[in-house]
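In the two assemblies presented below, chain A is common to both, partnered first by chain B and then by chain C.
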Partner chain A sequence: MVTSIRSTLPEIARGIALLYAEHPVEADEAFADFQVRIARPRGLRRWVRPQVQFQFDGTPPFHPLPGDQAFPILEWGLNWCVSAHCHQYLIVHAAAVERAGQALLLPAPPGSGKSTLCAALVHRGWRLLSDELALLDPATHAIVPLARPVSLKNASIELIRRFAPEAVLGETVHDTLKGSVAHMKPPQDAVRRSLEPAAPRWIVMPRYEARAAAARLTPLARGQAFMQLADSAFNYHLHGRAGFELLADVVEGCECFELAYANLEEALAALEGMQ
Partner chain B sequence: MTSPLIAALRDPAAVRSWSVPQWERLIRQARSADLLSRLAHLLAETAIPPGPRRHLVAAQVTAGAQAEAVQREVAHVARALASTGVDVILLKGAAYLLAGLPVSRGRVFNDVDILVPREALPRVEAALMLHGWAGSHHHPHDQRYYREWMHELPPLRHLARESVLDVHHAIAPLTGRFRPDSAKLIAAARALEGQPRLKVLAPVDMVLHAAAHLFLNEELTHGLRDLADLDALLRDFAREASFWSALEERAHELDLSLPLQYALRYCARLLATPVPEQYLKDSIPVWKRGLLDALYLRALQPHHPDASDRFTPLARALLYLRGHWLRLPPHLLLYHLTVKALRKRPEEPLTQGR
Partner chain C sequence: MRWRSVDSNLLMLREFDGELVVRNDVTGSTHLLDPLAAEVLRTLIAAPEGLTAAELGARLAEGIEEQADWSALIEPTLMEFQRLGLAERASSASPS
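Then we have the complex of A and B:
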């Protein structure tokens, strides 16, 4: 996917230079899938409590945000571009990583720790497929990579800094709708291999619980895993019967678990032990 | 200012020689005009570069799902209204789809529109409410605007499925300059095969409704899409040799000659619809025609920054006023616009037009 991004805001330039350093820059005449612009809205709000606006092909699909949230609004806007338009895929709200050709899907609501797990896993030899949007191809039933920065929130920012000192993190932005947010640069290997899909092998529903006992994988019935995936999908309703059959086939070919955890290392050990 | 979208609609084969930037502008304009899936259908036999192709495939997935949803919704409406004994005439998208017309291929669908006799409205409204549809626009002025002045009830939304249903009793406002007689439309409606109580308008009436909808309307947000509908309907029905003369005659009978003249003029001008020369002669004075061309040839372009010039916003604003002018006599218009302007917070629209 190619996106044309226009902005005069320095934090956008810094964010792209740091976090998209591995992504190729296309020629001006290449086909851009989406044309976006991050700008200050016109009028008074340019000066008084400045705001920042995401524009998609000339129109803003959502409300502006406080002025210091330029990079987060770019990332959220790009997520919206994909989830609102790329209906050639079944789009599941899930993190996805790959190891030895087999993909692990982590579908879960916000706050369950999927991005934290995803960021940690890519520093333990898993390839990043996507942090937020798993794109399932109806033709091949494989996950098409979308190797973009991993969005970390609140306590997990510090957690990942300590867990992987080599991780490259962008500026932390406070007081967003999701609390404090920082984005982690996707590894070079993940970006280079972003045309290489991977077949799902495991579905794990993570659940961060501060008082959970030792992290452990509990088997999840396939029917429940199916419902969870359908629920987490942005566009299940658009795919009709083909979507049903796609998810049924994915679930059929996967081992399905729940993972309640309080400790990141234990959670990783449980996931790494999967065969 | 030739829009690549209009060029592709006129001659789909032309895209074969297009450069990447031309394709990009085509996709962007088609998306903003809600014509991506129509384009996908028109280009089904054409080799398309992989970049644009993804977007066309995605649009086809969406349009296919919408078509299925409309089929289901029509079945719900038919079931809800079965006990009323009223024949339900489907309008616009739902009619094109259920009648299997070529215009429905690759079309996007939103609401379902139906036409019923005005005297059946209380029965129809009651039956729909019993089956889960609820009214909108509860402000007293809006109720009056719809019920006494317009040609439809305030949009109904189904509480569980959230689908929107527009119930019409006429195809043009009761207070408007043009008042086609609904009884004539209803009398000429055709039964749908295998659907006992569902009907669609006769082909000539379908065209006249589409023309009235586009050229008596104040909103031209989907102007090009509506014009593309007209183009597809005309191309399809014109295979019948007697169609053009029947259309002209029926327009006269229904007091819709003027909207039809506009429809034929701008279909031929913008989309190269093969309208026979003799039906393109119109009665519009030259000065007025020049003005209308200046307005419509701008306002019917895709709503995209790329397809606008500095007069486009003015053209759209003037046609907005003209639409209101055509639907309400001056004293009601003044009253309506004053009420709208003084109201603090407008009711949220039911459907969010993108």
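Then we have the complex of A and C:
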């Protein structure tokens, strides 16, 4: 996907330079799938309490945010661009990583720890396919990579800094709707292999619980996995019968588990033990 | 009272370990049926002429030695199927 991003805000320039450093840059006149702009809204507000606005084709699809949230609004806006337009794929709200040609799908609601697991896994030899939006191709049933920055929130930011000191994190922005947010740069290998899809092999529903006992994988009935995937999908309803067949085939070809965890290392050990 | 499934061509079914995932083309909704409900739906689909709850119970009980009040088990399932648009009360005349 090619995105044209226009902004005069320095934090946008810094964020792109740092976190999208591995992504190819197209010529100005190249076709772009999405035309977006991050700008300060006009008016007195600009001077009293500055805000930032995400524009898509010149129109803001959502309300502005406080002025220091420019990079998060860009990332959330790009997520919206994909989830609202890329209906050639069945889009599941899930992280996805790959190892030896086999993909692990981590569908989960916010707060479940999927991005934390995703960030940790890509520093343990798994390839990042996507942090937020798993794109399932109805023709091949494979996951099409969308190697963009991984969104870390609150305690996960320091957790990943300690877990992987080599991880490159952008500026931490506080007091967003999701709390404190920082984005992690996708590894170079993940960006370079953006045209290599991977077949789903495992579906794991993670659930971070501070008081969870030792992390372990618990088998999840495929019927339940199907329903949770369908619930997590942005556009299952748009795919009709083909979407049903796609999800059913994906679930049938995967081992399905739940993973309740409190300790990141234990969770990784459980996931790395999957055959 | 007789019950029958909606046109089975409008239903997509996929079984996973006894449970059945069903998509209903008319409503666009997808449902997960437990093994009993799955069997009730499959039995209704196989009987386009419609079945009473007692007849359904008799078919479900075939090959099962244990006695059970099948009607009591089935009635709530049929009502739920009606709510979900998976089954309907058949008119007294058989479908042509």
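Criterion: the second predicted complex is superposed on the first by the 275 of 275 C-alpha atoms of A that agree within 3 Å, B and C clash if a C-alpha of one lies under 4 Å from a C-alpha of the other, contacts with A are read in each partner's own complex, and residues count from 1 in each chain.
Keep in mind that, in the parts below, a residue touches a chain if its C-beta (ideal position, glycine included) is under 8 Å from a C-beta of that chain, and two chains touch if they have at least 3 such contacts.
Just so it is clear, the structure is predicted and the values come from calculations on it, not from any experiment.
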Practice item. Look at A:Ala155 in the shared chain and tell me whether it touches chain B only, chain C only, both, or neither; answer first, second, both or neither. Key: neither
Review point. Taking the superposition as given, does A:Ala32 touch the first partner, chain B, the second, chain C, both, or neither?
Key: first
Practice item. Quick one: classify A:Ala221 as touching chain B (first), chain C (second), both or neither. Key: second
Practice item. Tell me which partner A:His237 touches in the superposition: chain B (first), chain C (second), both or neither. Key: both
Exercise for review: Scan A:Ala21 for contacts with chain B and chain C and give back first, second, both or neither.
Suggested key: neither
Check your understanding: Where does A:Ala213 make contact in the superposed view: on chain B (first), on chain C (second), on both, or on neither?
Key -> neither
Point to revise | Common ground on chain A, meaning residues reached by chain C in one complex and by chain B in the other | key: 237, 240
Study note, to complete from the structure: So, in the complex, the side of chain B touching chain A is made of residues 19-21, 23-24, 28, 31-32, 49, 51-52, 54-55, 57-59, 61-62, 64-65, 68, 304-305
Study note, to complete from the structure: chain C partner, complex, touching residues on chain A are 221-224, 226-227, 230, 236-237, 240-241, 244-245, 248, 251-252
Study note, to complete from the structure: So, in the complex, the side of chain A touching chain B is made of residues 2, 29-33, 35, 57-59, 85-88, 235, 237-240
Exercise for review: Give every residue of chain C touching chain A within the complex, in rising order.
Suggested key: 12, 14, 16-17, 19-21, 23, 25, 28, 30, 32
